[in-house]
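Have a look at the structure below, then the notes.
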Amino acid sequence: MTRQAKTWLVIGAVFVALIVARGMIGQGLGRVYVKRTEVTAKLPDAAAVNSAAAAPSASASASTSAATTAASTQATAGPSGASSQATTQSSAASISWQEWKQVPPLEFAAAQKVNAAQTEITLSWPRTIGLWLAAFFTLAIFSFLYADNPCYKIAESLVVGVSAAYWGVIGFWDTLVPKMFGALTPGLVKSLVQPSLVAPEMLQQISMVLALVLGVMMLWRLLPRGGWISAWPLAFIVGVTAGLKIVSHVESDLMAQAAATMKPLVVSVTDASGATNMWDSWWASVANVLLVVGVICCLAYFFFSVQHKGVVGGAARVGIWYLMITFGAAFGFTVMGRIALLAARLEFLFDDWLWLIDPNHFRSL
Amino acid sequence: MRITHKVPRRIFTNQSWKCIATFLCMAMCCTRAFAFEISGAISESVAPVTQIVTAQNASAPEHVATQNILAKNVLARNAPAQDTNAPLVEPVNAAATPAAISAAIPDATPVRPLFNREKTALFLWIVFIGAAVTVSVWLAKSGRPIKIRRIAALEAVDNAVGRATEMGRSILFVPGIQDMDNIQTVAGLTMLGRVAKTAAEYDATIQVPTCRSLVMEAARDTVRASYLSAGRADGFSADRITYITDDQFGYVANVVGSMVREKPATCFYMGCFYAESLIFSETGNAIGAIQIAGTAESSQLPFFVAACDYTLIGEEFFAASAYLSGEPAQLGTLRGQDIGKFAVGVLITLGVLAATILAVAPSSAVISALLYGLQKVLGG
Amino acid sequence: MKRIIPMWIAIIGGFAMMLSSFIPLAESWGEVFANVFNVVAAIAFVLGAGSLAKQHLEKLSRRDAGWGYSIITLGSFIVTLLIGMFKIGIHPNPNFPQAAYSGSNNTEGSAWSWIYEYMITPLTSTMFALLAFFVASAAFRAFRAKNTEAILLLVTAFIVLLGRTFAGVVLTGWFPEWASGLRLENLSIYVMQVFNTAGNRAIMIGIALGVAATGLRILFGIDRSWLGGGDA
Amino acid sequence: MSAANFNNTNAAARPWFERLDRIDRRWIFLLMFLAVSGPILWIGVTGKTLPEAPTLAARAVFQEIDQLPARSLVLISIDFDPASAGELQPMATSLVRQCAAKNLRMVFIALWPLGNQVAQQTIQNVIRDDYPALKEGDDFVNMGYQAGNEAVMKLLLTDFAKAFPKDSRGEATSNIPMLKGVKMASNFPLLITVSAGYPGSKEWVQYVISACNEKMNFVTGCTGVSAPQLYPYFPQQIVGLLGAIKGAAEYESMVNASLAVDGVATAPKYLQAQRRMGPQLVAHLLMVGLIIVGNVIFFARKRRGAA
């Protein structure tokens, strides 16, 4: 066993021991409670019931759910703990299902006190397992700070796979379905996804055909041959963004910024009584002078077709000083942001998982 | 450094004809529309705002009037909010609600002007930049050498590639995390072309993980072309140019992981970067790699400046890419940009002078007219 | 042919976009192109997902080093894709119960939300949080007063770091009113509004010119390096 | 990456500064962990936070929202994902809370794929939990995510319904009562964004605020990284700016003060940003300390080298 493996073993053992110890003290740690609510939706007509029964969720559990209790179905429903199920009531043209909303442990304790046999608020196993998984992922990625290791690699592989699929799915349901399929196959979208769909205009349909053609060309590159065809949609993307960017950059970053720099070098600040405040005027004037000089000197630094000698060289030198001050400020601000992110992760570990602190009063008043 | 890019001295090359023709087409398309409006633009520069409102009202009765009322109300933020924002408040008087107003719009399609007068200055600026670039490119293509000032980071590129060869380790090139529509990515790929060519000559391996599938394709093309031009087409392997994932941190996790495992001797970060800049450069630091970075993302520059051996700051990055490509089109563009910067500098100086004189002697009519003119030029 | 058509597609798309800002009559072209662009951008996500799957399948079939991790990637990819595409565990929208797929993936308690809450969130945000550690290590090793430029960078960083927390108030809060401009918290604002604004403004002006010049070059057909290859 | 610079074969022979310079960077990581976790635990147990004095840019955000008449429409773009939530979620929470308390009508959109989910959670935590009287469709609506970045903004300028054809409940835009009369972005007197990068506040200025013929007011909250880049736009194009967690804490304290009811403590979920300023303070001091130690080493080495 290498020294590193031993170290990992010791760290792991100490960690597990600490967590076990934590679990035995006080309220324990890391559980999620949910509250059940009933949702009923009226179907517009009887014929539509059939299509509703074909719904992925409704059909999955409709037949078996009547007999099972809420808590047990919830633990078994769906591959990763989807906490909803549907029951089709044969008599009325409506379907109903149960939804679970996360509640603080405090509410569970209160409900138990009133009636120990209540089933409205229960421990959610899928979410509790999820919470522990999330804690594991957090620690797995932090473990990279010590050294690269299999846990980190697993987390890394997962994040790649999950996020790519996640983006693809969001692009499909949020943009492609309402915009492209909504224009090309309005009937299908209307009956399956979005009954409120507005009938597409002719122009919309034509442009979506164009989009579809470009999209297919883009996807062509997944095939082994004819990848060059994907240069067409690429050209479209490059051209459109270039057209967009030229206008916006010149307008907001060139003209507006140059106009905002045209400030008087002498400013007189008057206070409430109307008298000139010498001290404030002085500082305001200095600020304006520094600003104007800074902008011009930094511009000089970015001259490329002129050698940096003489006046241009001097201005460029002042320019780089300004740039360094700019970078220093950016550094300070960035540090601030990064630390807030770390604080948020540690809050998750200490609060949601280990129950060491309770800033939100979820577990104690 | 002086580029002696010798193109046979033919003044009107095929290319230059094409670009002049395109430019003229664009100019002609717009001047027709523009000619109608230019007189209006001039009168606007003299007339107070209210006149524009009435002028537009004549042509586009309801729509424009409504928009102007809305705009003016929002503009008048310092005035008591209750009254001025009245049209934005929901029902008190149904006729005044935005719902009621815009419900009336679709029926009465307004007669639109041919040219959006408020954008005159913007249009002129784009024409100016276009002209500066086109003329500079044309001059560059006609064989006139363009001098570029010394850029330290560039001189380090070849050495860094050589070092990787000596150490027998690979070179990592990260072309940023944005897509091909980002100009920084395009500039990064130009740099990649050069780095890959040097690497091919030295027979060093080069790894290019990308964050977008389109970038991967473009990078493969670029590297393949570089290996071809170095006469080592057999050395090219598409497998070293990989797509990881679109997700920022999924990508970072993977690249950093492979950096630690494969320990490249030289790392290039050229393109558009966000938070990952520091993770890359710190990890590179830890594995003792030589690092050369280039980006126009000013928020990430402090980290590259601090942690990398050489950094191309902002526009320097584009300049370096133009220089390395050696293409007259890119070098000419650089000159065109300098002309633009010079114009901006002169305008700012004039504006500041005018504003200062105006602050000291508020009655100077000539100066106030000058300041007004400058503000108009900048669309202010 | 392989290069001429894409070039003209770029030129037409770009000019339509640009002119729609100036010519009100062209506004609708701009809309059409923007709309097409948005949809193509969404298809690019699908392409991204497809490329990932292809890549890892190849890696798997070749038994490359670390192919075991490719299984994890592919597995998580496929599971997420199935759950999301088929809206597994999602009941229909109560307003439109007749449409099977009308429910939103984001409903609380769905498998999709579970992935978001317990996988995406911890994984990506912890990745981001690692930066706090790297920043500390970089500060210790890289931020050294090597020359005037570095000193300026350091001093500014100090002012901002201290001025944007309670430390600034503790250290310089006792400064009398007339010297209040020198209090760290005010000094940090001064740095931001004067020096930082000047520096960033120049960078922005430069980049705006760069973007415009490069963009126009593409739209004039002078630059075709983005089409691959290299020659102009 | 760990063992690369961990070399202590002849550590004893080296002067102190050399040893310190070659210190394993994991010690620095540990220091950072302690500097952040210590205050979190302390504040978590005691519940105390540090006082905040709002700066000009943060005050401007508050006033901009405060001066809008009740029932005004505001467009809220959630342009961040959970990775940046540590910095930005407190801002989003407070911004939505102020809008809800002012009875403004809120239209949520997202230009980041995961932004829709973040918006959904914010709506749940603030509006549904604490302002249950507000009705979806009448008082607020979540239009979800659309792909396309700047092109979506461009489309928003001219046609809102084309850019966002449906809301997250699947209702067509034209059927949403509160959006009757909304044709384009400029129909919203105020645009609020919370942004973590690209596309974000900068793009909103470039593509919407500058391009809009009518003046649209714009306030934004952004990450510490992007704040310096946005200062040149303040106060001409961006009327109010919240930079990083400090800006969030300042703004949060202002909103809390304005909505405070005598005898009722502010709900702890509205103190998130102020709680995070504690770890911020200690960690900043650590950073300053690390830079100073690094430079002491640098100068000691320089002197030794020169001698």
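Just so it is clear, A, B, C and D label the chains in written order, and each chain counts residues from 1 on its own.
One rule holds in what follows: a residue touches a chain if its C-beta (ideal position, glycine included) is under 8 Å from a C-beta of that chain, and two chains touch if they have at least 3 such contacts.
Note that the coordinates shown come from a computational prediction; the quantities given were computed from them, not determined experimentally.
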Chain labels contacting chain C and also chain D: A, B
Chains partitioned by contact, chain B not counted: one piece
Core chain by centroid distance, with centroids computed from Cα atoms only: C
Chains most often in contact, by C-beta pairs: A-C
Centroid distance [mean C-alpha coordinates] between chain D and chain A, Å: 13
Centroid spacing, where centroids are CA-atom means, of chain B and chain D in whole angstrom: 26
Distance between the centres, which are taken as Cα means, of chain C and chain B, whole angstrom: 16
Sequence positions of chain D contacting 2 or more other chains: 1, 25, 29, 32-33, 36, 83-86, 113-114, 116, 146-148, 151, 154, 162, 170-171, 211, 225, 227-229, 232, 244, 246, 280, 283-284, 287
Junction residues of chain A, two or more chains touched: 141, 144-145, 148, 153, 155-156, 159-160, 163-164, 166-167, 170-171, 174-175, 179, 193-196, 204, 221, 234, 237-238, 240-242, 244-247, 249-254, 256-258, 260-261, 292, 295, 299, 302, 323, 326-331, 333-336, 338-339, 341-342, 344-345
Residue list for chain B, restricted to those that touch at least two other chains: 116, 119, 122, 126, 129, 179-180, 183, 213-214, 217-218, 244-250, 253, 260, 275, 298-299, 302-303, 305-306, 314-315, 337, 340-341, 344
Pairwise touch network: line, ring, star, complete, or other: complete
In the complex with chain C, residue positions of chain D that touch it: 25, 28-29, 31-33, 36, 50-51, 53, 55-56, 81-86, 113-114, 116-117, 120, 124, 146-149, 151-152, 154-155, 158-159, 162-163, 168-171, 211, 227-229, 231-232, 234, 244, 246, 277, 280-281, 283-288, 290-291, 293-295, 298-299
Residues of chain C that touch chain B when the two form their complex: 11, 15, 18-19, 21-25, 44-45, 47-48, 51-52, 55, 123-124, 127-128, 130-131, 134-135, 137-138, 141-143, 153, 199-200, 203, 205-207, 209-217, 219-223, 225-226, 228-232
Residues of chain D that touch chain B when the two form their complex: 1, 4-5, 25, 67-73, 83, 105, 180-183, 186-187, 189, 197-198, 213-217, 225-226, 228-229
Of all residues in chain C, those that touch chain D in their complex: 17, 21, 27, 30-31, 33-35, 37-39, 41-42, 44-45, 93, 95-96, 99, 102, 104, 106, 108, 113, 116, 120-121, 124-125, 127-129, 132-133, 135-137, 139-141, 143-146, 154, 157-158, 161-162, 164-167, 169, 185, 189, 192-193, 196-197, 200-201, 204
In the complex, chain D residues that touch chain A: 1-3, 26, 29, 32-33, 36-37, 40-41, 43-45, 47, 83-87, 89, 113-114, 116, 144-148, 150-151, 154, 162, 165-166, 170-172, 174-175, 203, 205-207, 209-211, 223-225, 227-229, 232-233, 236-237, 243-246, 268-269, 271, 275-276, 279-280, 283-284, 287
